[in-house]
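Chain naming follows the written order as A, B, C, D, E and F, and within any one chain the residues start at number 1.
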Amino acid sequence: MWQYEKRLQYPVRVDTTNPTLAAMIIEQFGGADGELSAGIRYLTQRWTMPTGRAKGILTDIGTEELAHWEIIGTLAYKLVKDATIDQIKGTPFEAHYVNHGKSPFPHNAAGSPWTANYLNSKDDPVADLHEDMAAEEKARATYEWLINVSDDPGVTDTLRYLREREIVHFQRFGEALMIVEDYNNSKRFY
Amino acid sequence: MWQYEKRLQYPVRVDTTNPTLAAMIIEQFGGADGELSAGIRYLTQRWTMPTGRAKGILTDIGTEELAHWEIIGTLAYKLVKDATIDQIKGTPFEAHYVNHGKSPFPHNAAGSPWTANYLNSKDDPVADLHEDMAAEEKARATYEWLINVSDDPGVTDTLRYLREREIVHFQRFGEALMIVEDYNNSKRFY
Amino acid sequence: MWQYEKRLQYPVRVDTTNPTLAAMIIEQFGGADGELSAGIRYLTQRWTMPTGRAKGILTDIGTEELAHWEIIGTLAYKLVKDATIDQIKGTPFEAHYVNHGKSPFPHNAAGSPWTANYLNSKDDPVADLHEDMAAEEKARATYEWLINVSDDPGVTDTLRYLREREIVHFQRFGEALMIVEDYNNSKRFY
Amino acid sequence: MWQYEKRLQYPVRVDTTNPTLAAMIIEQFGGADGELSAGIRYLTQRWTMPTGRAKGILTDIGTEELAHWEIIGTLAYKLVKDATIDQIKGTPFEAHYVNHGKSPFPHNAAGSPWTANYLNSKDDPVADLHEDMAAEEKARATYEWLINVSDDPGVTDTLRYLREREIVHFQRFGEALMIVEDYNNSKRFY
Amino acid sequence: MWQYEKRLQYPVRVDTTNPTLAAMIIEQFGGADGELSAGIRYLTQRWTMPTGRAKGILTDIGTEELAHWEIIGTLAYKLVKDATIDQIKGTPFEAHYVNHGKSPFPHNAAGSPWTANYLNSKDDPVADLHEDMAAEEKARATYEWLINVSDDPGVTDTLRYLREREIVHFQRFGEALMIVEDYNNSKRFY
Amino acid sequence: MWQYEKRLQYPVRVDTTNPTLAAMIIEQFGGADGELSAGIRYLTQRWTMPTGRAKGILTDIGTEELAHWEIIGTLAYKLVKDATIDQIKGTPFEAHYVNHGKSPFPHNAAGSPWTANYLNSKDDPVADLHEDMAAEEKARATYEWLINVSDDPGVTDTLRYLREREIVHFQRFGEALMIVEDYNNSKRFY
């Protein structure tokens, strides 16, 4: 995972110092539909998937999401690392600052801490894959709201890239659902 | 319940586009002493009430509170539905927006999610009705703080109406408490 | 809603006193994929649905889920209302009892309180309806696990009925998704 | 506070080793209506009370509740301090043990952590005192459920003593409410 | 404890009305590394400490932290008690105000409620004392971030005093760790 | 990470079907001092470490902890995968089963969901590394309690291995602390 990230970490371009945008971007670091939720969800659901291919898809995407989690953390950090106290005061980042300084932290844009309640794992592959498809759609929507508020061109580029990945993941989970349904049907007939 | 709401939904007048006020109003959609807390609390306490009249009061008020919950959601939504991104950026609503767009969501004004820890149900009608009376007093107080910050005349009117309802509910729970205490006394003597 | 429940409340047959089963059934009263999550989720997502039919489906199913929430509460209550202290001690219901007596409470089978983090509302109808379809699949799975542990024939019958409803809801949300996608396509073309 | 506790700590008699009862007693160490909730609530509400006597009642009772919190912790600890692993395994205390060993911890009997969501402070003395009266009623109810499940005579004695204190506190908060209402009335007239 | 506070309460000088700073200061009233976390943590860990001196250090510092908790509450309250509605509107304190008016409340600067998850008690004195030393370091860091954003000289003075206390506590926990390790070694040898 | 796990996954020997032990083991999958807490903590603290070596230690150990997280999940799953309903009913695993079937889920042994409140990241390397050392001590203590309740020889072997790793990590974080303090001193002098 972190090897993969090494390749990605340089293109994470941030053009401005912008504590407000950092406070918003953190939504995908520790919010309901963020990258941490995605990674932990898919890696938790692996044990009860019925086929090797379904397990493999969850492993691949779960690992990729953790790399994206690091990208988001890097964006948030770069947006504030050179900020002065005066640039921070009066922004939504100030409440984050008095607890965490400039370090990223897994909470959402409103400061509510990440919780495993954001995900589930049901030991029912059809239910799990529907949750996964929904998760990708919700992550896509979050990226759209973030792109709307971003006025940093580098950040916007990365957010667009990550949004596209969610669409690809949605499709791959759709394929996994078909694999699982085929498997369930074959089990019933033989 | 929702039939009742249909009658009420038109008078929910909102005169301005005001994302900051929407972010504050959401306190009564998903905050500690908001309408969801009230509705879920009273409907949860029904099973262990000792008399039909006490159960009926909880059912009536619980149902009315869910209708008020919808009124609050409508206020919050109308305050932002025509807002541009520029009107949202830099307000306390921005953190809500990057997660939920313009949809209401059951968290409080600070973005802390609604939790059943806001209520209790003790299988002790005297304790439960004291909690209910306290809940109405606390909801009244919240409406007063919200009225203080509201600068939208239509919203203020509705908040005043809802505050009045909490006072009426407080009195009705006082009556229910007397019913229950009479019942408890009669049980002891016969 | 509560009128509807009046019709349903008598067939809620419970054949045994069974505190352990009550403690498990409470999963659908206040757990992640239970009836409260469903009701609050659908009624919260209504404001941002783009067509009247989609709104109507959310209103109908959300209202029905709150009625099911009451059915679950009734099952849980009937399973313990005649239990002696000796029947409660040593069961998983004991931890519930020392806080709530025999009243239902919106937490899950492990006693974790209901939280709005179990749902989302994204102001993106496609994402919301995918979440709804996933929610129905997860509720179905939960009912299957509950049916597996139930040894009360009356409770099992009701759980089977509720499981079937989740399958119907899943299909109706699939229809709502098609309505919304048609609407989105038509908007793009004209 | 802790001086007060020194006087009280010896009469805290525990007659048995009983991990299950320890797991239940912990409800009042870290549960919704337990002693920690009471202490933190009253000490938080002091700043906005309008008269010195009302502040004094909150300070006195808040401090006493923290001493009771220590009594509960002592009960819970004594019930397990001599327990062998075999006495712990298979009881509801086992889940507590693998995290906290035999130390008390502020969660409820179901293991849900203490949260400030259990209380409120509204800057409205009438609302706050109603919450306080409700809190005392709910604490009383919890002690009754605990007394019902206790089969340790020493523990039962202490629980009865603590239940009585909640009744006294309820009455004192009723007096504080009259003081505050008199004050409010006098303010209006002069 | 509260006697001790009486001595301290007068030097708590606040020079300005500053709702934004109040909203930040509340971090140490109900945040992860604030005074409430410290007090509850140390007083919870007392039962399983192996020597009287270690217990005494925990009791002393735990009690002092609760007094500091009250100092922080006093700072937060004084910063807003004379604020007009217009001074509150548009600041991060507004979300606090619509729920709690001007009363302090144990949540962090972002409004996330205090939870016992911020601390642990492991029945392992070496682990507990390491947690305590870490807690003091984290509290010190929080005070530094708060001092950076404070522009009220009186508040800054008190924050500096409290920061110094954390450094002293860190050293005292280091001594307690040596006491415990000596005790553990002596137990092994004899 | 997951490559590393592939090597490790076969030696994860489990000798029994034991739902109660699975319910306890889950403490390290989603509890306060479990492997997920460790992994997320260290990977979150990387951005603000002042030297490459300190960052590297956090990356290495954080990645290893995520691999250990998978080992724990595998232990929990293997302990229940062949369990019949009758073997599950009446055990502490039953509450887990009705929500998650036999899939692992990131909550603790009492069923309380994992939350980011279990960790912090302060943008203060000295404070962060003290938290990390404390975390390792607390994880070690948890492993000791788990080893005490385990009666599965294969599981016990793995738990002993993981406990040893925590001791090694504690030492490495001690080294990182010295690196950071040297760095801080050098900065002050030149």
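In this text, a residue touches a chain if its C-beta (ideal position, glycine included) is under 8 Å from a C-beta of that chain, and two chains touch if they have at least 3 such contacts.
The structure displayed is predicted, hence computed values, not measured ones.
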item: Duplicate of the A-E contact set - from D-E, D-F or B-C, the pair where over half of the pairs recur; value: D-F
item: Same-residue or different-residue interface between chain D and chain E, half as cut-off; value: same
item: Gap in Å, rounded to a whole number, between the CA centres of chain D and chain B; value: 28
item: Distance from the mean Cα position of chain E to that of chain B, given in whole angstrom; value: 33
item: In chain A, residues with contacts to at least two other chains; value: 32-33, 92, 99, 101, 107, 110-113, 115, 117, 120, 122-124, 141-142, 145
item: Interchain contacts, given as pairs of chains that touch; value: A-B, A-C, A-E, A-F, B-C, B-D, B-E, C-D, C-F, D-E, D-F, E-F
item: Chain D contact footprint on chain E (complex, rising order); value: 1-2, 30, 36, 40, 43-45, 47-48, 59, 63, 66, 70, 73-74, 77, 99-107, 113-117, 120-124
item: Parts of chain B lying in touch with chain E, wherever the complex brings them together; value: 20, 23-24, 27, 31-33, 92, 108-112, 141-142, 145-146, 148-149
item: Residues of chain B that touch chain A when the two form their complex; value: 85, 88-90, 92, 94-99, 101, 107, 110-113
item: Partner chain C, residues of chain A touching it in the complex; value: 32-33, 115, 117-118, 120, 122-124, 126-127, 130-131, 133-134, 137-138, 140-142, 144-145
